[in-house]
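Both complexes below contain chain A, partnered by chain B and then by chain C.
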Partner chain A sequence: MTGRGRFWFVGRRLLQAIPLTLVLLLLVFAMLKVVPGDPALQVAGPRASAATLQAIRVHLGLDQPVWLQFVHYLGRVATGDLGTTATGSTKVSTLIASGTPVTLVLLAVSTVFTVVIAGATALLAARRPDGLADRLINVVAAFGVGVPTFWLGIVLLAGVALPTGAFPIGGWGDTPATVLRAAVLPALALSVSVAPVLMASLRSGIVEARRSEYHAAAQAAGVRGWTLTRRFVLRNAAVPPVSLLAALTTLLLSGAVVVESTFGLPGLGLSLTQAAQNRDFNVIQGLTLVFSLAVVAVNLVGDVLVALLDPRVEV
Partner chain B sequence: MTPVLRITDLVLETGTADAPLRPVSHAGFEVAHGEAFGLVGESGSGKSLTLRAVTGLLPEGVRQAGGTLELERDGALRPYRFAEARGRGIGMVFQEPMTALNPTMRIGDLVTAGPRARHGWSRRTARSRAVDLLAEVGMPDPAAQARMWPHQLSGGLRQRVMIAMALATEPSVLLCDEPTTALDVAVQDQILRLLHRIRVERGLSIVFVTHDLGVVRRLCDRVAVMYAGQVVETGTVDEVFTRPTHPYSAGLLRSMPTPDTPRDRPLAAIPGGQPGAADRPEGCRFAPRCAHALPACAGLAHTLAEVPGSPSRSACLRVADLGGPPLDRKALVSPLGGGTA
Partner chain C sequence: MALVQVLGRRRARRGSGATALVTGAVLLTLLLAASFAAGALTGHDPALTDLTARFRPPTAEHWFGTDQLGRDVFARVLVAAGTDLPLALLGAAVPAVIGIVLGALAGYARGWIGTAVMRLADLIQAFPSYILLIVLVFLLGPGAGSFLVGAAVGAWVTYARLVRGVVLRLRELDYVRAAQAAGLGHTRVLLRHVLPNALPQAVVYAASDIVLALSYLAALSYLGLGIQAPGIEWGQMIAEGQPFLRNQWWVSVMPGLAIILVGVAVRLIAGGLERRLQR
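So, the complex of A and B:
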């Protein structure tokens, strides 16, 4: 793909994301509509009169047709107004703003761990397919996929954080150093379930590239050492894992919800758990929207990266 | 004169060490300076494996269990290390230009990837060298093509890129593994002419593996015929094509149609089929299919012996008493003399 081709590819992908986002907003909006119970009744209490209920419905805009309610909802989302929490004390947008950095750091550190773990083990396993290292890594990987994240989190807390004292027993930090230290164990717990999937994909990519004719042809033409590995193995093997990593973001996000509760990290995941317990629909709706948009954005980035890595990708 | 490449008693094995199969056993040939050498045989005869063994790029599960590989250096044949030979003495053109070019690299980067890392060329040097090579192999607008990706080129152009890539290391021997099999006929002809021109211009030697006798006739000076993992006959193309000294070569040549072949009769064929590596007979491997076989053939040890009254060497026991009229296969196709690539 030429430089201009790439530019258009990114542009087209961005345009394609718009209808997807609208559908997402519609689904999130519909979430509240399908929840049983009358919001007005919830606000006013069971003993409110019919007139009061009607007044509240008018106040909340619930007397209007559903499509108009959706338009209003879009308008509010566009201005960042996601309502208030059930207690009415905090804006949902404020809650999201305070939780986002925590979750982002957690996901970033976890992604780095995932890539490093998957990359190192894949290279080791691919050195001799079906060799001892390969089989051992395969067994450990199967274990990694199977182990529940919350259990691993507790094991890391009890087995590493407590005895060594090098990491906090839960909670977050307030300086970059303490933040990173607080993120290490939860990020690790999160990576363990995701890294094996990525490792398997990268490993088979490496093995396939090494068996390919273009690899043999490159060797015949005197390419060897690091150039051979980098340009004729890793570059080709990286394409499927990159799109896979984008798809795995959903897994990382749901894992983050669990890990943040286990480690008591004040991120979006913890807010979601608490909101679910308190039946705080505004918060659930807001967080669902944020998570969905994050998945759309990550997949967009993934698609663009794949297109940069593999010139044959055209849309 | 010292040959540029000599392969002696090459043995290739697959399977376990206790019960190995030998797809190639005691294959050998030598190639002179500036010569085009043909290695012909059916699928499964071991010709492509033999060629791959020369660069040490055997497929997974196949290993070299014996044999000497030597390359000429300073006037004498010396055993070589693969890493060294790949970068300098030997280049290789693969059969499938669709799969042999890395899809994630631009043509220009691909062509000079080997020498660039070896000589520490700058990107600029590598690019300009690549453009020169692409021009040499007849790419139209080489500077523009250098920026293309492999998937954007036709099969014929990709094979030219493959040849440029092999030439980038300045080899003295170019190994070609059925380089025209995957191409359509018109393009085949262009590639053959290109290889011929490059050989003449660069004075390099070419080893050509093919099952196409017509290609050998057109391009090659000398030929080795392989059957069931062994070389059964070797000699000049003129001699082998007119007076084959092994019944297998003779059968192969007779099965080739010429313009005079009657169309209402089936083509001559050798009865039976080539045995696989697991079920090869003792002694002469061709004997069970051979019209001239004697009981002694089943006990024959494989050697390429000189043939009385012929410059060829043959593995056949009855070479002295199997004369017969010479085959006229010259009319078949004319050798590549003039013309442009």
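So, the complex of A and C:
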């Protein structure tokens, strides 16, 4: 792919993301129309007079046509105004700003664990395809997907955190060291359910690369050991998993929502589940927007990465 | 989830798959049957609270110990199977049926229907599954019905893509053309001549999706958004036991073993089905 071709591909992919983003915004806006109950009545309380209700509707802009309400919503989102929490004490944007770093650290540590676990097991399994190690890893991987993340988190709390005292029983830290320590067990619980997918893809890539002619040629030329693995096997086996990356990140993000509750990590996922329990509409609406836009961005980055790495992608 | 199926894509293994299929089915049937006879099997009434017998560790008397109200955890785990298994089966079957119908429509009719269905599929995949599920449950209120709607909305996409692909390939083949030329109606061609070719793979997907549906149900209930007390569900039991993790780990840990057992049984069934289809 030429430099210009890449440039156009990235540009076109960016343009394609715009309509999807608009539809997502429309959907998130429409949530307000679907949720049961009159918003004005919820603000005013059950004993408010008709006149008070009408005044609140005007104040909230609910008397205007729906399309105008949507335009106003877009304006508020553009300025970062997502309303306040149900108690009115905190801005939703503040909540999102404080939760995002927690969720991002959790995702980053889980990604490292996932890649290390998947890479090591894939290399081990691909050593002798259909050998004992390969079959054992395949069985463990198949069941790893079925183990509930939150339950694994609880087992890690009861079996590792409590007896050893090396990790907090929940909650977050305030220095880099305590933050990392707080992230280790939840990230481990999270990666166990995701690593098998990456492992399967890597394993078949490695097996294929070992059967290839360039591998045989490199061997014949006297390349062996770790150099052979790194330069001729892993580099070629890594291309298909890169296209899985976006989907895996989405899986991790999805799992993080649940695992944050298990470990009491003050991230975006914990805010989402608490808001669902307390029926806090603004928080749900704001977080849904953040999560869905994050997935659009992750897929965008994933597609661009694949295009940059793999010369075979058509432009 | 298409991703989970990446794992299943291995070369055909030895054997017809009948043993695995039967073993998995027997495991699930036994578990379901045990849920109806939990009291008789364990010798403990799953609903009976006995404050003198709180937090007994696992023994021969109480296999999985007792909980904070002195209830037998093993009896409760068995009873919960009566909630979890039917809901997990439905949670896998409903999206499969919806996805197969929409996918067949999208592939056979093409035109604007096909485009609309596939755009909708793209849109749904823009939401991470748990987030979609939590938002839907928020809009509909917690409970089994909301779980089923959430599972259906999120999971039909895989089936629609699969079936649409097969239908698009088959509709140009001679035998389908011949059936159409013979004057058979579209419904009949679709149902009798096209769809049967797409179904086997969809059934394998649906079988392995039982695990996924169960993990959604358990996670929702664990978060307090699924099955509510006095209903008994594995994820809900795990959540109830979590405050006592320090000294009474069994209250929370034991119900998870049931989820893993179902996972094993479903893997056996899906693997067995796949091997039978590959023959």
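As a convention for this text, the second predicted complex is superposed on the first by the 292 of 315 C-alpha atoms of A that agree within 3 Å, B and C clash if a C-alpha of one lies under 4 Å from a C-alpha of the other, contacts with A are read in each partner's own complex, and residues count from 1 in each chain.
Just so it is clear, a contact is a pair of C-beta atoms (placed from the backbone, for glycine too) under 8 Å apart; a residue touches a chain by one contact, two chains touch by 3 or more.
Please read these numbers as outputs of a predicted model, since none were measured by experiment.
**Student:** Would you check which partner chain A:G146 touches, where first means chain B only, second means chain C only, and both and neither mean what they say?
**Tutor:** second
**Student:** By the touch definition at the top of the document, which applies to A:T273: first (chain B), second (chain C), both, or neither?
**Tutor:** Only chain C is touched by A:T273; chain B is not.
**Student:** Considering only the touch criterion stated at the top, classify A:A221 as touching first (chain B), second (chain C), both, or neither.
**Tutor:** The first partner, chain B, only.
**Student:** I'd like to know which partner A:A247 touches here: chain B for first, chain C for second, both or neither.
**Tutor:** Only chain C is touched by A:A247; chain B is not.
**Student:** Between chain B and chain C, which one contacts more residues of chain A in the superposed model?
**Tutor:** Between chain B and chain C, the winner on chain A residue contacts is C.
**Student:** If you stack the two complexes on chain A, which partner ends up touching A:A195: first (chain B), second (chain C), both, or neither?
**Tutor:** neither
**Student:** Could you say whether A:I206 touches chain B, chain C, both of them, or neither, answering first, second, both or neither?
**Tutor:** neither
**Student:** So, A:V184: does it touch chain B (first), chain C (second), both, or neither?
**Tutor:** neither
**Student:** Which chain A residues come up in both lists, the one for chain B and the one for chain C?
**Tutor:** In chain A, nothing is touched by chain B and also by chain C.
**Student:** Please name which positions on chain A make contact with chain C in the complex.
**Tutor:** 20, 23-24, 27, 31, 34-35, 138, 141-143, 145-151, 154-155, 157-159, 162, 196-197, 200-201, 244, 247-248, 250-251, 253-255, 257-258, 261-262, 272-273, 275-277, 279, 284, 287-288, 291-292, 295-296, 299
**Student:** Can you list the residues on chain C that touch chain A in the complex?
**Tutor:** Result: residues 3-4, 6-7, 9-10, 122-123, 126-131, 134-135, 137-139, 211, 215, 218-219, 222-225, 235, 238, 242, 245-246, 249, 252-253, 256, 259-260, 262-264, 266-267 of chain C touch chain A.
**Student:** Hey, which residues of chain B end up touching chain A in the complex?
**Tutor:** Against chain A, the touching part of chain B is residues 52, 55, 57, 60, 83, 86-88, 90-92, 94, 96, 99-105, 109, 113-115, 117-118, 149, 151, 162, 165-166, 168-169, 175.
**Student:** Quick one: which bits of chain A touch chain B in the complex? Just the residue numbers, please.
**Tutor:** Going by the criterion above, the answer is residues 1, 211-214, 216-225, 227, 231-232, 235-236, 239, 309-312.
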